[in-house]
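There are structures below to look over.
You will see two complexes here that share subunit A, one where it goes with subunit B and one where it goes with subunit C.
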Partner chain A sequence: MASHHDHPLPTLEERYEFTSESKRNLLIGGAVGLALVALGAYLLSQGGGHEAQEAVAHAAGAHEAHGAAAHAAGEHASEAHAGHGHAYHWSKRLWANLWLNSVYFTGISVIGMFFISYNYLAQAGWSVIFKRIPEAMPAFLPVTGTIMVATYFLAGHDMFHWTNEALFDKASPEYDPIIAGKRPFLNPTFYVIRMVLYFTLWYMLWKMVRGFSLEEDRVGGVDNYEKSIKFGTAFLVVFAVTSSTAAWDFVMTIDTHWFSTMFGWYTLASWHVAGLATMTLTIISLKQHGYLKSVNESHMHDLGKFCFAFSIFWTYVWFSQFLLIYYANLPEETIYYKERFSGYGGIYKGPFFINIFLNFVFPFLLLMARDSKRTMGVLKVACWAIIIGHYFDFWNNIMPGTVGANGGFGPVEFGMVLIFACAFIWSVKHQLTKANLVPVNHPMLEESLHHDIV
Partner chain B sequence: MSDISGKFLVGIFDDDDVILSAVKKVKQAGVKVHEVYSPFAIHGMDDAIGHPRTKIGIAAFIFGTIGCLCALTLTIWTMGIDWPMVIGGKDPISIPNFIPITFELTVLFTAFGMTLGFFVTNGLGPSVKPLLFDPRCTDNKFVMAIDLAKNKLAESDIITMLKNAGAEEVSVKSI
Partner chain C sequence: MHVTSSVRTPLVLGGKTYADVTEDVIRHVEGKPTKEWKIALGLSMVVLAFGTASVFWTWWEGLGVWGLNKTVGWAWDITNFVWWVGIGHAGTLISAVLLLFRQKWRTSINRAAEAMTIFAVLCAASFIVMHMGRPWMAYWALPLPNTFGSLWVNFNSPLVWDVFAISTYFSVSCLFWYVGLVPDLASIRDRAKNKVSKYIYGTLAMGWNGGAKSWSRYEYISLILAGLSTPLVLSVHTIVSMDFATSVIPGWHTTIFPPYFVAGAIFSGFAMVQTLMLVTRVVYKLEDYITIEHIDSMNKIITLTGSIVGVAYLTEFFIAWYSGVEYERYAFVNRAFGPYWWAYWAMMTCNVISPQLFWFKSLRRSVSFTFLISIVVNIGMWFERFVIIVTSLHRDYLPSSWAMFSPTIFDIGDYVFSFGFFFTCFFLFSKFLPVVNMAEVKAIIKTASEKLPKNVSGVSKDERLAEASK
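For the complex of A and B:
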């Protein structure tokens, strides 16, 4: 294949240009998002009284379902009442959306670091020429981290039922033995410490590996490569634990009574494939704008395989969680699927199936053929399906436990996603300008340039 | 496969790069290369010889679909129709229960189907004697076979061409 790369050197010098036009478009996008959120908030605040009545009616229905299930279990009679004791205020939907998008974009960002780390650990060569793209993604972590910590303090009980002190007080009528039993892990102090710890560890380790990578561009040699392997591996060890605990903290605590042993894997799988799709989409977009000239069809094919394989992996974990609960048929576990299937007037049933369609059926059938993984247009469609699909996945995990019957898709949802997406793209583009798009002194660069698979 | 017969020109090479460029050279001169035998896979060789792409992916899909249908038939018929059984309070025919078996049999049929398909298309089997133009291609030599019946050029011309392209020795073999 040497003939394809007779003049490799001129194409390796690629500086990404963050054009003022692109900056303007992102600002407009963000402004439109803000306007949509403001409009949505206004509409919600106006419709508040009406919706609240509806909510009460729905909540009553849900309580009955809860009650029946709880009685069947025998000892969880208090669960149904404690779980939805708070009155609904429209601002809850804003907080829920802020939280949802923070969790989702945190995942996509941190997966960039995850990807370079396991590539370093495996001493993979093929991914080197586009390594700057996953490398640029985790720079967004401080933004989502700050928003999450702020949301936690500002939204308080609205979002996190378990932060209510009365639940832990035996004398209180609201005392909840199940939540009280989780006290050693699930208490506000430890929760905030954990949250800060995740973001600090992820960000610091990324900062180090990013530093080595940029220094390698300047000085060459293999020292930085070896250091990257070391710190990348350290990140993997950290992430092995924190990806699971973060999934419990960020998502599973919303349905405080409920737990699933598959949840850590499930969320990691969701984050991972969404991150891979974002990465692939970015690479395609850069290539279509004339960058990354050395990325060939074989790289695209392998990226497509990653998206294909981890879509299946996500489905595997998603179904495993479902099957265990379905088969065991314990009321305190099935409540999770009952809420999403028939609870709250059935508003979560549609997104529940959209989730499976966009994240499994569609990419599975579309990306199965070799040619579709090598055709950028097709790969692009699959990536968009996965990215939108996993937004639905998190939406479905977060909304029923927070806004319940008041969930839906309105200006707030679209606006908030737009703001986060524009900010994320800005952050990635800004990082891409900081270095040559191809890591010119990476020891595995030659291998990557000649990547050729059948 | 064993249905190959005729007169072949067999060129022996010492290096994978040399044989790759040799294939490109003789192809350019209009010679049809029957096959190249090598101790390991050579990047770009398939394209150089001009082999069509393998259909093993299509075979995998078909075998997988058969496996999937077999598993669904098996579970639905045994659990729901022939002797309906209620397990865990579920309907006799409850698809989520059958998914693990469906998944496993799909994978099993795909894997076995592909392996068998590979053996059949390559004429490999327990008692089949594989066609070897030169046994050294399983050790340290690279072998190019040219079917003379399918080439219009004179035998001597092709021999000269192969030697010029770096062949260590060229022989004629009838099968």
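For the complex of A and C:
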């Protein structure tokens, strides 16, 4: 097929090489992460670096926090309850970080599958050339899944208020009728079943579609393409339900009393754009290392549009949820924002605004112009902002309900992110070596190779 | 150069040349009105006359002629308003969002869908004006400086946001529609045989000359308008949803409302496009342009948006239980099992269950079944708004004030008015303007035609036949 480009099309045979140097760097990164976590844990256990915060916590934050919990529980919550069973131990912050990063990287990984699936369903052609990158992402799911199940068993009590059996016991002074009413949903057995179910379904469906994709490379034809559409669609049906329920399970139930119907789609929007940014960043990085030669400016432009559009979409759901809760001003709902705005001595107020800035203002202004979406340097900056921004989003949703006044950014936070990032990159790189970087027999490949937009 | 994969289904059938496209579409504009068209327009105008009388009486007597009572202060009026605004979402979605996603199948349905959007938004607006009771005061809804002392619109009210959102949406939709029409109007102008139509279409075509510069600007402005109207598609129904969700009425105040309303709006809008296009393609013999593939694609979007709406229903139901708020719980139990259970289950059946039948490829590609479902969906979406509005209101916090709503002949008559208006407009449109965007269909012929004639820019089939018979 002739091209209107002056230069001939580059070869499609591209094997990704996971160099030993790269492996070494990732191992060093992981080790540094571990060291940071260890250092952070030591400092936390000594109460170091946190005197200021704890002072605040005792002076104002603690009062606020107790008030908050009491409020959320309505007239049924007693001071004893708010103070009881919630004694803060420094290890809680480790567990909360483990949970936060697992949830975040689970999202980024599963979005790889989500992207492939809706591209198949929509018969998209342009994205074929880099489809191996989103395809490599979900391989990390078993890692985060295992960590999450383990964290739940080891430290569920530190994360989830509702795991306290006394809340459901009428005879207990801690009895909480509102939480007790949620028992059919919030009970350990069902919770673990759900968690295992999500990861199994997502991972298995990815395995299927990945299998078809690799087989297509070997045998050609359109059979695997047709099957991918079917199983991709099946995934979308599964994910339509599980993305919402997983968001409730993983994040919303941390603030056990609180509820918001938007929460599922809001979390999905956050995961989605973070996944897109990760994908885009990976593609740019590969291109800058000499791979993916056929990925052109038009592909970059479209990826930039996706990051731009879905940043706005996230903002839309974020703002809709915020505005409606703010406007109606019902105490059982506004408590969520109150805690993050003025609770715990105001330590969450900064991240609250950083979240909006990095996830909306910054990418919106940066990616608005056509040329910025076609310039890899600009696109990289925007993607980093989105990835960091959505970490803040999850941080802000998870930390107040778990560590409360003891939240912050220290060696533990930085170290944990580093460990997860290195592990995730390792997993993606490992997957990339398993197949040719371009799916050479995909029936839409020609369209993608000649992708050319204004 | 653009390549089209062989796995794609063609979008233009019958080996059309460019001239064929013009011929097939424009002949309905140039020809004399058919008897069927006259009958259809006549019927619509009779319905419109009846509706107009009803609206006149509503204004003459006041809103007391409606079936509203002290508990149910909003019923059919707002239901109809939201229903029509929702229907008015498909046009801009097709022209803007599908343009951004470079969906070629939009080209043969966008014109009619945009026209439909404009008429639907006008129908929606008519309910706002009716609801004002004193329509000559309608300009009070605008934040105009005035001499009434401190009388000013309430900027905190989502009803005022509605005024802004819908008027903006209406303006941009009209602009989009008109810009798209310009090249086609020029085609009509160039072919016009009498002075009057040459003058009218010529004026409307604004001196379009088909030059490269004109086309480049045309494409540029289309993209800009698409970029502007994509957030508008979302904003309109978002703000309509806030008419309810900013309140503290159980069943209304729920944070998922904005995106869920938008999905529902696209759902009903596509259903209405199906209803109209399935008739138009047969009456105007446009089966080669509005193919089974187009119907299939629209059905997929109907299934997608219907499923999103379904997930939202279930989420609302679940969270109402999960929240532990007894009023929320009651509101939802009352919807499903209270005195208005039939409305709820009509909504569930029509909106959630029926579009799931489109998972079967044979049903998705069946014209008659699609037509049936397209109507079923819009019945369901009317019931959805009725369920949200009336069943949330009729049993409020004070059991002594619980009430039921029954429509009067004027509730019904005013609703009928909007149908008369809508169809009168649509029939006039379909006679005097080309129902398919000829210029844009021509743009996809080379890449999406089933089989290309030897010379795609050759003369039309009729002329070829005339040539052959000589």
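Everything that follows uses one rule, which is that the second predicted complex is superposed on the first by the 407 of 454 C-alpha atoms of A that agree within 3 Å, B and C clash if a C-alpha of one lies under 4 Å from a C-alpha of the other, contacts with A are read in each partner's own complex, and residues count from 1 in each chain.
Just so it is clear, a residue touches a chain if its C-beta (ideal position, glycine included) is under 8 Å from a C-beta of that chain, and two chains touch if they have at least 3 such contacts.
Quick caveat, the model's predicted, so the values are computed rather than measured.
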Side-by-side fit of subunit B and subunit C on subunit A, or clash: clash
Contacts of A:M444 with subunit B and subunit C, given as first, second, both or neither: second
Partner chain in contact with A:A369 - subunit B first, subunit C second, else both or neither: first
Touched partner set for A:T261, first subunit B, second subunit C, both or neither: second
Touched partner set for A:D452, first subunit B, second subunit C, both or neither: both
Partner chain in contact with A:I193 - subunit B first, subunit C second, else both or neither: neither
Touching partner for A:I28 - first (subunit B), second (subunit C), both, neither: neither
First, second, both or neither for A:I178, with subunit B first and subunit C second: second
Partner chain(s) touched by A:L324 [first = subunit B, second = subunit C, both, neither]: second
Subunit A: partner with more touched residues, subunit B or subunit C: C
Superposition clash, subunit C against subunit B - the stretch among 204-212, 240-248, 330-338 or 366-374 that is involved: 204-212
Contact residues common to both interfaces of subunit A (with subunit B and with subunit C): 1, 323, 327, 452, 454
Subunit B partner contacts - residues on subunit A that touch it in the complex: 1, 319, 322-323, 326-327, 329, 368-370, 452, 454
Of subunit A, residues touching subunit C in the complex: 1-4, 122-123, 125, 177-178, 181-182, 185, 222, 225, 237, 240-241, 244, 248, 257, 259-265, 305, 312, 316-317, 320-321, 323-325, 327-328, 330, 332, 443-444, 446-447, 449-450, 452-454
Residues of subunit C defined as touching subunit A within the complex: 1-8, 100-102, 219, 223, 231, 234, 238, 242, 245-248, 253-259, 307-308, 311-312, 315-316, 319, 322-325
Interface residues, subunit B side, partner subunit A - complex: 43-44, 46, 54, 57, 61, 88-90, 96-97, 99-100
